[in-house]
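The structure under discussion is supplied below as structure tokens; questions concerning it will follow.
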């Protein structure tokens, strides 16, 4: 082997700014590894990493690794991004500890002329959620649906007032700076909507964990839009891993032991063989075993 | 608040050696945190950590956290063990990186008089697995079932020869040491069955991850027996967390997106309401939503 | 052994709020381990953890571990704090990744009635630094020294205007909330001076690393004042470790290889024995060896 | 920017086996980042990462980062190695937790025909150290120096007996396997000298930490020889970082606060300016400040 493994899907994205209007951007700066690096690392465990393998072998192995949460081979790919986003997004982003970060500091750097996010990046302003299901998130956009006159007025105020308020915070910072106050003190006036940027280096396993949390429907819209841009890059650069992750993690339901026993009891056993026919052999056997275990548990009661 | 939170279930185990005959032992040395520390930490997110809560509230919250993989509150409990085990077990154990370890070193310390594990710790010697299902593990015990005369001879040789071979390795080390060879060189003669010991400090989230891998039926028997001892301590010390983990992780099936769509198609919809009646409200709603999504996906084809 | 090791120095602080006026607070909530836990873990490496040791033995061993950066035993103590601080402090705090955190979320929780820090917590407002030495930090307080009339006016405006500006941001948030805008959107108006709080669990090794960076003179004053409160707790709870850290890390100079060769050349060799007489034997020998190496390197040129 | 940053020094080594005779090997498989990636990431903090910089600027900045332990930019480079070594070396290697590993498993894989290291990889067999300075390591080679007849006999036995003993362990494993015992049980007979291999992916910051511990004179010779091979690759691939690390970490002395005060008292102050003239301005100022502080502390007594 000579030269680094080249990842054609990643190369397409290198250095290309992916912008989310009024909100921020992500750019892939560097990477190492491909789907084949992942399967090759996994095969080291079996002492077979030098054998020739086809892409279909790789797909099967990567599906198996993902399904059984053998996560270490997915750490063998690494991606480096440059991210621009408002501080309230950066705060969520940096809770993911297994990554390397260098962020611009407002102790060292003057906040830029236009340092506060464009209010349009927030999308339609939304009413407080009153759903019983979730303590987080936002409800319906104030400007959507059969709203009353009073609502309309509020919504109109909302967007307009919001923009004014953000401009106001921006002015307060500049005001303090002109009065000779140090950067590190003046910045406390800046709002959470202030833009920041950072280099973000993360391995693929931890990146998928990030995407799992931040592309979910109940993630805050602003981080979700940026996470979706990253997801699009990952889907191109690691197509086998991406497909396996969607199948076995992202779109897989979370079924508790009790729920599984309940469902096992109302599955039509006669149609089981047909229904599962399209699954890979091994997965089908595992599901039949799990059903059998649930039926036994049911009988035992 | 004054004084540390006391964990009655953990206190029962403090300083008590839990031995696996001929194989090793685990002892709980120290801990911090209780189930209530975990739910309290989670409630900090909601700004409600000072409100009075019942154990039933805690159980519900902990179930929710586990189900939705909100893992950070489970890092708020910490356990410290003293572990004795053979080196081949220690090698697997130490692949779990999110823990603190101090292990005895055979560079500093003379290997003990009886430094090699008792061969009885290995249990019945087993034939090489030839199952197509798994590349790891062991097959049937050589001494069990309808075995031929030749097999019996092999099995007999097995236990006896094994014990002799281990003694032999032990002698080689002592021989080299008597010849004046340094500890750090002589140790290379010691077998992977050599006993070692270490202090192991780990938070509950990472401990559960360890238990998930090491108490599974396909884990190597020797690490599984020791992991089971640790599991017994955790079940006593963190009963709410333990129950939630068993329900939502350990005994929960892994269902891929495809398998879920297949199963959704053969569930008896008429009996669904009854079957799911015993589940917590929120979980039932989530499962119904997942079924509905699968049915829609099916119709769309 | 029965019962957990008790740390008398830590017990003194449990549950006691240590407040920094107008800025925030830290409270020790839980802990595990003592200085003796650390030396005992280190002695496991030597196979001598069950021997009886005096505090003086422990002090010597802990000094050795710290001097030679054998850091793993210091991970054997763990501390849990409840911290309140403004968001710009929290942002620096959370860059320390080797810790567990649960922070209040302004997606779930209404910002409190008085959610913005008291401007007096910032201390005297300071002029922008123009030192060539440092790109960060702040210069002289605007209100201190031989300031001109113009400066006085600025300073007066500074404190007054600052307080007004912070109140203003606070009002903007409340305004948006009254207009029915969701918490997660309205919070983008809040300034970096907004108060937040979190549970922080960290092992002693990583805590000392945090203190090394955040109690330095060039750390931002606001995080330094809170880090100093934590340092006071650590000094009481782990006196041997604390003394070793001050001696070998915090107050130890950073001397490059070149600087050492330069200094070695102008040391008065005749007075060396006397000057180093008070050092521990082993450290003295190591310094003499380092000097000898530097002298040889010098001769070789 | 388009395409990944290319590291010419790393490219030279890609895919080239660096062998340590009779002991093992390391091969660079992949990498990402260059010295310039590191300085660029650091400059993001100052908001100046897009300005044009010379290599001399980079050298100065990297020296500053290393000197002041601003470690996060060094995490921006990543290296992937394939390593072959005996298990007792692998055990030390894998104590470094901040890395990704996939190792061959003797549960899945038959131990190779020649699975035990060549005894010549251990170098001359050495007598037990009796130095008071160190509890670890080895003493003088048994075959070197003015040895008595008895010693010679021992040494001769040493090499010869050692080779025989290792062959013996190898045979025991093969014996057990032929008797039909499973791989995961038979392996417990294998000695710590058994060869293993793994993929090792690590960032440059953590790699330098590894090299700091494992290339030291008191590291075990076998891991040191392999670490030296890795060091040679790093020195070529990251020349600025390597030089800064040698100057500020590897070859820098560890001087405690007390030792510094003692040395400050016997430095010839008149020759100070000349002696330090060759140091970078900023470092010279810092050392003068540290000396002044030590002198003041001395006067204060």
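Labels for the chains are A, B, C and D, by order of writing; each one numbers its residues from 1.
Convention: a contact is a pair of C-beta atoms (placed from the backbone, for glycine too) under 8 Å apart; a residue touches a chain by one contact, two chains touch by 3 or more.
In this text the structure is predicted, and so the values were computed from the model without any measurement.
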What is the shortest path, in steps, from chain B to chain C when you may only step between chains that touch?
-> 1
Do chain A and chain C face each other with the same patch, meaning over half of the contact numbers show up on both, or with different patches?
-> same
Please flag the chain sitting at the greatest distance from chain D, going by CA centroids.
-> A
Between chain B and chain A, distance of the C-alpha-averaged centres to the nearest whole Å | 29
What whole-number Å value describes the gap between the mean CA coordinates of chain A and chain C?
-> 32
Rounded to the nearest Å, the gap separating the Cα centres of chain A and chain D is 36
Find every residue in chain A that makes contact with two or more other chains and list them.
-> 46, 101, 105, 108, 135
Which residues of chain D touch chain B in their complex?
-> 86-88, 91, 94-95, 97-98, 101, 105, 107-108, 117, 122, 125-129, 135-139, 142, 151, 154, 157-158, 161-162, 165-166, 168-169, 172, 175-177, 179-185, 187-194, 220
In their shared complex, chain B is touched by residues of chain A numbered 46, 67-68, 133, 135, 246-248, 250-260, 262-263, 265-268, 271-272, 275-276, 278-279, 282-283, 285-287, 290
Residue positions on chain A within touch of chain D in the complex are 1-5, 11, 14-15, 29-33, 37, 41-42, 44-47, 72-73, 75-76, 78, 80, 100-105, 108-110, 197-199, 201, 203
